Structure formats: structure tokens, C-alpha cells
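So, here come the structures, one by one.
There are two complexes below, and they share chain A, which is joined by chain B in the first and by chain C in the second.
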Partner chain A sequence: MSTADIFAILQGAVTTASLSGVAILLGLPLGLLLALTRWANIPIVAPLVTVYVSILRATPLVTLLLLLFFALPNIGVPIGAISAAVLALTMNTSAFNCEVWRAGLMSFPKDQYEAAQSVGMQAGQRLRRIVLPQVARACLPGLVNEMSLLIKVTPVLAVVGVVDITRAAVRIGAETYEPLPPFFVALAIYLPIVYAIVCLQRLTERRLARAEAE
Partner chain B sequence: MTERPMIAKWPSCLTFVLLTTLLAVAAAAPRAWAASLQEIKQRGYLVVATEDDFRPFEFVKDGKPTGFDNELVEELRKYAPFEIKQEILPWTGLLAGVSTGKYDIAITAAIITKERKQSLDFTSPIADATHYYVKRKSDNSIKAIKDLSGKTVGVQAGSALLGRLPELETMLKGGGGKLGKVVEYTSYPEAYQDLALGRTDYVVNTIINLKTLVAEKPNVFEIGQPVSGKSFPAWAVKKGNGELLAYMNEFIAKQKASGKFAELQKKWFGQEFSDLPITFEPEF
Partner chain C sequence: MRDFLVVWSERALLLKGLGNTIVLSLAATIAALVLGALGALVLMTTKSAYRLPFAGFVDAMRCVPFLLFAYIVYYGLPSLGLNLDNWSAGLAALTIYNTAYMAEILRGAWVAQPADPIDAGYAFGFTGLGHFRRIVLPPLLLSAAPVVGNQIIQIVKDSAFLTVIALPELTHAASSIQSRHYIPFAAFITAVLLYWTLCLVIEAGVAAIGRVAEARR
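Up next is the complex of A and B:
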């Protein structure tokens, strides 16, 4: 393995990190929005969200990706590999995030909510000041879990030509007929990426705890 | 704003309707526009798809695509009056991408088979792809085809090689033997790795791929005998895209006439294939 090979895997790391990063940033609030829609049981929209979540949770990411990549141009929507990858990851993670958020919302104590109502808080205020801070903290481990899973399913993006960490390693193995060294390098890169997210979780938890103590 | 139990029947029936609609749209959609030669000239570019781990045909070295087919893509860039846009992706989605019209042509060594000819048209063959087996050099139990009886074989899933294993089976049955367990891999590098590890006893691939493998790892692997009849790889376009096919065949013929084809074959395959047919009708 040459330095150019390691550089190629690092380039794959940039792809993995940025694609999963974008999907996480889009998928987190989208999941919350979906969960709130279901929690509030908004007519017509809530059942649609249920369907969306059920379908996406039942669809393997690689199938969804191939469907988006090959079927969308068929109905006149041109889509590139990167956009298809981001779209598939975001759709997938938003469905799982929705369920994590919803679990948090459902276990939220009703009496607190009613207490907030009785002191005359508006719906938006209740959500922002009472519900979300507590629900976010309860949901954090589940959400971070889903994030780390998302990072580790990115190798399927290779199907449409996205070169992530694993694909970069596969290419090197195919060129040198020595697949093990590049895979070790790949593994050594996944570890710090996932570790960074876990650290971020700890940091957020600590900040939330401090905010509550004040 | 409280959670009420959802009416259970709603979503499941909606799911069904939505899924059916989705599938119907995907299936009934106008069979995509694989661009004709005229359209390609008008829009000014041709979308070429190549593989990334198929040494010596196409692979990536130091971040750059190289190999036999990639050098021909470079020649095509000089030859064609339109731009060449290249997409590099794994084998898995490649032929599907051509038959759905996502890519105009697959410039890879796709072996011409009867099944593939139903959705694709193939150019003139670019090399010989007679199938051979490769074994571990240290394995003395395999000396001839008959020794393969009952042994575990590795091949690529969805490959032409997998489709032609019955030929080997017939050969083995002739000598009173039988085809052993077949293990399928998503690509050949993994198959070679498993062979080296002893999880399989032999791997079947084309002569060119195996020659490159053995040249690289002469202490680990050894080539055996041919296990199939004639077989040829070629580039593939969407079925019915006759103009583009004719254009590419003309390109190939010119490369053959100028000696470039033979030069590249010698460089990447270690031998020339000077008697390749212009067209090939597969039996399998």
C-alpha cells in the first residue's frame, strides 16, 4: 500500500463523513417534525407520516437508493449519484429518528404539559420551553445510536458509484490483490469518526444537565 | 395535543395503495431515454460507465482510473466529436444502469450471454474470455479437470461465469464426477482471498483475469485448464440503440486497424488476440 492509497482512503473518509453528516443534519429535525405530526395527530398528515415511516423502515437502504437512482430519471427527475445518496440516507434516517423522537414524546409526563397549559403558555412556548428540552435529553442516546448506524451503512452507497471509505479500500485491494491492509486502514478511520459522535453526545448531555441545574 | 391510538386499518391499507402506486409508476414509466447517436451529438456528450475493481480491464491506481478499457476511453475522447462523461462504479449496478438508460454505454468486459442480449446489445468482442480455473499453488490434489469433482468453487454472483458452470458440470459428469459446492461473491478480489485462505478449492474466471492474478501472486496461485468453450467480453449498449452500437464498432475497428488494440492487449493482457470475431452469437 502506497501513501497515495492511504490518501485515497482518506478522501473516501471525507465523502463518508460529509454525506452522513448532511443526512444527520437533515434527518434529525425532519424526524422531529414527523414525530410531532404523529404526536399531535394532525388529521390526514399523521396517517401519511405513519405510512412514510412504515415503508422506509421496511425498505433496505440499498433498494431505496437503487430505486431513487434508476427510477427517478424514468419519471423525468434527473438525479446524480451524490444527490440520490443524500436523499436515500436522509429518508432512511428520518424514519428511524421519527420513532426515537416519538418514543420520547409519548413518555413525556402529561401533567407537566397540562400544568404549562394552566399557566397560560402558548402551544409553541409549551413545546420549546417544557417539552423539547426534556424530550431531547431522553432521546439523545437513541438518536446517537441511529447516527452511528447511519455512518456504518454508507458503504452501500458504492452501488451508485459513490466512493466512501470501504469502496476506496476495495479498489486498492482489487489493484494490489492484497485486500487486508486497506481494510485495516479503513477500520482505523471508522473508529475515530464514530468516536467523535459519541464525544459530541457526552458534551451535549453535560450541557443539558448543566442547563437544567441552573 | 395528546397521543390518541391511531386507527390501525388506515395506515396498512394506505401502505398498500402507496406501494402499489409506486411500483406501478416505476414499472409503467416510459422505458427511459437511452440517447440515440443523434441525441448524443446534439447534447454534446456521451455517458460512459466503467468498473473500478476489475483489473486488468478497469481499475483505480493512485486515485486514477486505468487499465485496458480506460486507455480506450482516452482514445475515444480523442476520436469522438462529443464530450465523454465517465462514471466509475461497481459491477452491481452497471448493466442495470445501461439497460435503464442512465448510462449510454458500459465500457467494461461484459461477457456476451444469451440472457444479457435480451436487454442489451454488444459491440465487437474486445478480448478472449475462455474460462479457466485457478487453484492454490500449494494444493497438490488438483492436477486436471477431473480432480475438481466435488470441490468447492468460487465465482462472482450474477456473472457469465456462474451461468456457464453447467458446462464444467457436464465435463465432470463425463468422468463420473460431480460439481461441488458453488460459493458466489460480489466481486473477484474476495473470491481470490477466500481461495488463498482455503475456504474454496478453485475459482473460475476468464483467462485474462487469472493471468494477471497469477503474474501478481505467482507463489500463491496457479492456473489450471479451460473449463468452458468459446466466450468473449464486449461493451454493452441498451438494446435497440443500433446507431451508437455501429459507431462504437467503427471505433473498435479503427483501433484494431491502427494497431492500437493489439498494443493495449499486449500491455494489459500479456498477449494479443488478433483473431477476434466482429460479432458473436452466444450459445449460453
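Up next is the complex of A and C:
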């Protein structure tokens, strides 16, 4: 295994990080939007969202990715490997984020919402100034946990040809007939990334527990 | 619609894939639960010579993507002289990986258990493994059931990753139907619906266990 090989795996790391980053940035507000439609119980849309979330939570990312990558061009929507990867990751993570957001919204104290109503705040104002700041803080540990889960499913993107960390390592292993060294380089990249997110999650949990104790 | 008829004509392949997914997930669930229960015991012991290495293993597994771990087991072990076919490698990877998660889940539930019945068990003369199996474990499994259920769904979904080491599970079957007839939408939507059904069955099972737990309280 040469320096160039290690460099190739690092390049895969850039791909993994940017795809995960985009999916996280898209999935957080999208999950909130889905949760809000269920929370507000919007007719027709809310039950559809419920079914959508239930199906997506049960679908393995590989299956979803293969479906998008092969079926979308078939019905006339051209899609590349990268866009299919981002779309699959975003759909997947937004479904899980929706459940986290929804749990937060459900446990939001009703008296505060009514108090905001009684001082004459509009619906948008109530949401922006009263509900969201508190719910976001309560949801943070769950949302961060979902980020670590997201990174752990990214190696699947290789099935449509995205060269991420794992794919780069597999390729080098096949060329050198020594699969273990590149895998350990890959491990050495994943471990600190995911561990940092897990630590961030514990930190947010502790801060939340302290805030609630006060 | 015609595409779905083609999928129907290939139902034998799809059902075999579904059967393999179920067998694989079930075997991995049972093995990971048994090993994870023993693992929880190790995580709760005061002897750090046992606890620390296993806690390190659990933390490591929680940071490794399952697919990378499966690759290491499948491609890596032969270079250590251990040759596994894709079935044993896939099952081993699923079991070892989820043992760590089950151990951590059961440990979390154990910490939240009231101490009195556990102490009462010692007072009645239960010790060691017998105490764990008869006193600690039953309420533990009942209270941890929802989280364990989520992890079983995770196992079902992780088993789909094993398509990359050519294990003939559900996603692999859908993949071969799609490449044979070029009907991606029908093939993968059918697979998605079958996964969904599996998860709904697991959730119903967890809800039933929850009712038993509620009745026992």
C-alpha cells in the first residue's frame, strides 16, 4: 500500500463527508417540515406523511438507492450516481429526523402555546419565537444521534459507483491483494469522525439534563 | 402494471430472498441477544479486567459502519487464514456487530431497573449466572423490548447490505429480477413493501410484548 493509496482513501473521505453534510443540511429542515404537517394534523397530507415515514424507516438504504438510481431514469427522470446518493440519504435521514422532531413537538407544553395565543401572537410567530427554540434544544441529542447513523450507512453508496471511503479501500485491496491494510486506514478515518459525533451527542444530552434540572 | 406481473412470475426467487432475509435476521437476532445478554453482564461487572476490553469493543462497533465491518470479516479474515463462505461471513458479521448494540441496550435498561428485586434475589440465595438468568434478565428483556425491537429492525435493514458480498437475500433477489427483465421500479418497490411488512410484523410483536409487560406490572 503506497502513499498514493492512502491519498485515494482520503479523497473518498472528502466524498463521504460532503455527501453526508449535504444530506444532513437538507434532512434537518425537511424532517421538521414533515413533523410539522403531522403535528398540525393537516388533512390528507398528515396521513400520507405518516405512511411515507413508516415505509422509509423500514427500507434499507441499499434498496432505496437502487430503486432511485434505476427506476427514475426509467420513468424519464435522468439521475446520476451522486444525485441519487444525495436524494436517497436525504429521504432516509428526513424520515428519521421527522420522528425526532415530532416527539419533541408532542411533548411541548400546551400552556405555553396557549399563553402565546392569548398575548396575540400569530401562528408563524408562535412557532418561530416560542415553540421552535425550545423544541430544537430538546431534539438536539436525537438529531445528532441520527447524524452518526447517517454516516454509518454511507458505505452503501458504493453500489451505484460513488467512490467513498469504503469503496476506495475495497478497490485498493483488490489491486494489492492485501485487503486488510486499506480497511484499517478506512477504520482509522471513520472512528474519529463517528466518535466525535457520539461525544457531541453525549454533550448535548448532558447540557439538556442540566437545563432541565435548573 | 405489466411489470408487476413479471415480478409475480419471478415470485419464487423473491420469496427465497425474503426467506433468506428472515432466516438471516432471525438467527442474528437470537445469537446477538444471547451474546448481548452475556455482554451486558460483562459491562456491569466490577472487575475492570473483563469490563474495559469489552466496553472498548462495544464503543468501537458503535463507531464502525456495518458495511465496512462486513467487508473486513469477508475479505479480511481469509488473509488471517480463516476462510468463510458468504453465508457464514454475513451471519458472523451481523451477529458480532449487533451483539455490541444489544449489550449496550440491555446495560442501559439494567441501570434503570429498581435495585430491590435484584438484592432480594441475592437474599433468596441466587448467585452468579442463575441470579442473572432468573432474577435480572426477565424484567430487563420486558422493559428493553421497544429498543430491542428497533435494533431487530436495524438487523433486518443491515442484512440488506450483505447483497454486496453476494448473499442471496431480498435486495439481492430484487436486483437480479431487475437486471434480468429491466423492471427496476416494480422489482425494488416490491422489495420495499416486503421490508415494510417485516418491520410492521416486528413492531406488532414488540407491542404484544409491551402488553405482557404492562399486565405483569
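The working rule: the second predicted complex is superposed on the first by the 193 of 214 C-alpha atoms of A that agree within 3 Å, B and C clash if a C-alpha of one lies under 4 Å from a C-alpha of the other, contacts with A are read in each partner's own complex, and residues count from 1 in each chain.
Note that in this section a residue touches a chain if its C-beta (ideal position, glycine included) is under 8 Å from a C-beta of that chain, and two chains touch if they have at least 3 such contacts.
These numbers come from a predicted model, not from an experiment.
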item: Clash-or-fit label for the pair chain B, chain C on chain A; value: clash
item: Which of chain B and chain C A:Val77 touches, first, second, both or neither; value: neither
item: Which of chain B and chain C A:Ala211 touches, first, second, both or neither; value: neither
item: Partner chain in contact with A:Ala188 - chain B first, chain C second, else both or neither; value: neither
item: Partner chain in contact with A:Lys110 - chain B first, chain C second, else both or neither; value: first
item: First (chain B), second (chain C), both or neither touched by A:Arg171; value: first
item: First, second, both or neither for A:Ala4, with chain B first and chain C second; value: first
item: Touching partner for A:Lys152 - first (chain B), second (chain C), both, neither; value: second
item: Partner chain in contact with A:Thr63 - chain B first, chain C second, else both or neither; value: second
item: Partner chain(s) touched by A:Cys199 [first = chain B, second = chain C, both, neither]; value: neither
item: Common interface residues of chain A - those touching chain B in one complex and chain C in the other; value: 54-55, 66-67, 70-71, 74-75, 158-159, 170, 173, 179-180
item: Contact footprint of chain A on chain C as seen in their complex; value: 59-60, 62-68, 71-72, 75-76, 79-80, 153, 156-161, 163-164, 170-171, 174-175, 178, 182, 184-185, 188-189, 191-193, 195-196, 198-200
item: For the chain A and chain B complex, residues of the former touching the latter; value: 2, 4-5, 7-8, 11, 38-41, 46-48, 50-51, 54-55, 66-67, 69-71, 73-75, 81, 105-106, 110, 113, 123, 158-161, 163, 167, 170-177, 179-180
item: Interface residues, chain A side, partner chain C - complex; value: 54-55, 57-64, 66-67, 70-71, 74-75, 151-156, 158-159, 165-166, 169-170, 173, 178-180, 183, 186-187, 190-191, 194-195, 198
item: Touching residues on chain B, where the partner in the complex is chain A; value: 1-4, 6, 10-11, 14-15, 18-19, 25-26, 29-32, 52-55, 59-63, 87-90, 92-93, 96-97, 100-102, 187-190, 192-193, 213, 216-217
